[in-house]
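Input: a single structure, listed below in structure tokens.
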Amino acid sequence: MMEASAVFGEYVVVKALENGVTIIGLTRGKDTKFHHSEKLDKGEIMIAQFTEHTSALKIRGRAQVFTKHGMVECGD
Amino acid sequence: MMEASAVFGEYVVVKALENGVTIIGLTRGKDTKFHHSEKLDKGEIMIAQFTEHTSALKIRGRAQVFTKHGMVECGD
Amino acid sequence: MMEASAVFGEYVVVKALENGVTIIGLTRGKDTKFHHSEKLDKGEIMIAQFTEHTSALKIRGRAQVFTKHGMVECGD
Amino acid sequence: MMEASAVFGEYVVVKALENGVTIIGLTRGKDTKFHHSEKLDKGEIMIAQFTEHTSALKIRGRAQVFTKHGMVECGD
Amino acid sequence: MMEASAVFGEYVVVKALENGVTIIGLTRGKDTKFHHSEKLDKGEIMIAQFTEHTSALKIRGRAQVFTKHGMVECGD
Amino acid sequence: MMEASAVFGEYVVVKALENGVTIIGLTRGKDTKFHHSEKLDKGEIMIAQFTEHTSALKIRGRAQVFTKHGMVECGD
Amino acid sequence: MMEASAVFGEYVVVKALENGVTIIGLTRGKDTKFHHSEKLDKGEIMIAQFTEHTSALKIRGRAQVFTKHGMVECGD
Amino acid sequence: MMEASAVFGEYVVVKALENGVTIIGLTRGKDTKFHHSEKLDKGEIMIAQFTEHTSALKIRGRAQVFTKHGMVECGD
Amino acid sequence: MMEASAVFGEYVVVKALENGVTIIGLTRGKDTKFHHSEKLDKGEIMIAQFTEHTSALKIRGRAQVFTKHGMVECGD
Amino acid sequence: MMEASAVFGEYVVVKALENGVTIIGLTRGKDTKFHHSEKLDKGEIMIAQFTEHTSALKIRGRAQVFTKHGMVECGD
Amino acid sequence: MMEASAVFGEYVVVKALENGVTIIGLTRGKDTKFHHSEKLDKGEIMIAQFTEHTSALKIRGRAQVFTKHGMVECGD
Amino acid sequence: MMEASAVFGEYVVVKALENGVTIIGLTRGKDTKFHHSEKLDKGEIMIAQFTEHTSALKIRGRAQVFTKHGMVECGD
């Protein structure tokens, strides 16, 4: 069972500015491969944590990405 | 039993600006799939935590989403 | 017995601006369903914590909701 | 025995602006019901903690409620 | 034996502005009843902690109450 | 043996502005009674900690009391 | 199993300003060699954590790199 | 053996403004009595910690007392 | 196995301003010798952590080095 | 063996403004007596920690004493 | 094995302003002697941690030394 | 073995303004005597930690001493 204190860690917020924005989770661990991908349509928001399975996120398409380092525009 | 210190972790606030705003919880863990979805009508507010079952939230429809990275408008 | 350090965690404040404001607690855990609902009349205040049984709150009706992300007007 | 570090957690301050202000403690746990209610007369102050038995407070009547989210007027 | 780290927790300061200001300690635990009451004469100061026996304080009479939420006038 | 980390906790500073200022320690625990009283003459200073035996302090006479909530004049 | 508290550690954000930006993970440990490399096209964003397998990142191509030391332009 | 982390706790600084300033340590524990007294001549400085034997300090004579609540003039 | 909480510690950012910038890791431990060296071409960025094998970094060539003590120009 | 985390605790800085400034360490523990005394000549600096043997410092002679409560002139 | 949490502790940055700047590590422990010395040429940067073998650094030659107490010019 | 978390504690920086500046380490423990002394020539810098063997430093000669209480000129 994962430790509960991890449940409420870091998260980023992605807001799609067009249809078909893709958020791809890459696996944590020895092998780094695609873990999960999620599609967002225009205006949809995704709030995503890093988890024990996901150590990197790749974002494609016009979107605003809100992180602890500020807001970064994706896909311009 | 989950550890109590986790009970009071991160939460986000969603305010619906139209009927039918949808908040979808995605499962934490190896498989990422829909876990729960909740509908909000215009003016309703949802305050949602990440839990040991939910590691991502997807929001659809016109709404204001309040997070630690600021307020993000959904669905414009 | 729950750990005492959890007793004094996060709380939100809801102030009803009309009769019949509803605060609904949703269960934490695998199944997400209604756990408890509370009615507030105009002017009444509810101060509510997240608990080991409640991981989300849904609020209906005209109210002010005070959270760590600021004050959000409900039900306009 | 409860852990001492919990003894000095969060508290809110309620100041009654009229006679008969009511502060109702709701139980923590699976069942959410009335746990204790306290009456304040005009000008009286109550300083109340959340405890291992109380996870929510409901306040009725004209009062000022001081919380970590600021002061909220009750009962107008 | 209570844990020493608890000895130096939260405290509030009450300054009586008239004779007969009353500070009532309410018990922590399942039953909430009067635990102790202390009288202050005009000008006297009481500095009181929450303890493993006291989870709420009720104050009556003209007094200034200094808390982490600021100073609140009692009994006007 | 008490835990050393407690040795250096909260303290308040009392400065007597007249002879005969009294600082009374009230016991921590089930029974709340007088534990110790100390007299200060004009100009004397007392720096007092809460301890595992003292959970409340009562101050009588003209004095300045310095606490984490600011300075409070006693006995005016 | 890795400890969950590590799951939500430091991350950097890389935004590609041209096609073919490369992010190379170098292994943590006695031997330092390539661990994983990821290509970004113009406008894509990568959010990457250090992990128990990756202790250094090398970035090639025109990109903006957001870190706790500020934003650094890559590849000019 | 006392725990080392306690060795570097709170301290106050007393500067004598006349000969014969007295700093009296009062015992921690059930009985509160004189533990130690130290005389300072004009211009001398004493830097004193609370210890597992000393929970209160009483200062007599013209002196400046530097504490975490600011500087307090003694003996004027 | 190294403790996960170490995985996300301090890192520095090096941006090469010319070809052939060298970053040399020196070993932690009794003997201090070269552990690893990495070459950067103009515009490339390296984000490097201290690890259980690397306790010092030596940088050669024209570069900007971003650290918690600010940005330092290398190789002028 | 003393715990290493204590090794880097609080320290004060004393700068002698004349020859013969004396810094006297007083023992921690039940008996408070002289533990060690150190002489400084004009212009010399002493940086001294509290230790598991020293809980108070007494300073004589013209000196500047730098503490966490600011700089205090000794011996004027 | 050393504890990983130590791996990412304090570091200082040294920038050589001339050839032949020397950074000498002195051993931690009972005997204090030379542990390691490193030469920097003009413009080179060294980022060095304190380790379980190095408790002091001595720097010779014209250099800028960046520490948590600010930047100090060496060798002028 | 000393605990690694202590390795990166407090340090002071001494910059010699003339030849022959002396930094003397005094032993921690029951007996306080000279532990180690280090000479600095003009312009040299010493960065020194307190260790489990050194609890006080004495500095002689013209130097700048950078500490957490600010910079203090030695030997004027």
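To keep things simple, chains are lettered A, B, C, D, E, F, G, H, I, J, K and L as they appear, and every chain counts its residues starting from 1.
Quick note on the criterion: a contact is a pair of C-beta atoms (placed from the backbone, for glycine too) under 8 Å apart; a residue touches a chain by one contact, two chains touch by 3 or more.
Everything numeric here is computed off the predicted structure, so don't read it as measured data.
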item: Path length in steps (a step moves to a chain that is touched) from chain E to chain J; value: 3
item: Chain L and chain D - chains in contact with each; value: none
item: Set of chains adjacent to chain E and to chain L; value: none
item: Chain copies touching (chain J, chain L) - same or different residues, decided at half shared; value: different
item: Inter-copy rotation, chain G to chain H, in degrees (Cα atoms; steps of 5); value: 150
item: Distance between the centres, which are taken as Cα means, of chain D and chain A, whole angstrom; value: 40
item: Between chain H and chain L, centroid-to-centroid distance (C-alpha), Å; value: 28
item: Between chain F and chain E, distance of the C-alpha-averaged centres to the nearest whole Å; value: 15
item: Inter-chain centre distance, chain B versus chain H - centres from mean C-alpha coordinates, in Å; value: 54
item: Sites on chain I at which at least two other chains make contact; value: 2-3, 5, 7, 9, 12, 49, 51, 67-68
item: Arrangement of touching chains [line / ring / star / complete / other]; value: ring
item: Chains listed in ring sequence, where chain E comes first and chain F follows it; value: E, F, H, J, L, K, I, G, A, B, C, D
item: List of chain H residues in touch with chain F within their complex; value: 2-3, 5-7, 9-10, 12, 26, 28-30, 32, 49-52, 55-60, 62-63, 65, 67-70, 72-76
item: Residues of chain J defined as touching chain L within the complex; value: 2-5, 7-9, 11-13, 15, 25, 35-36, 38, 40-41, 43-49, 51, 53, 64, 66-68, 71
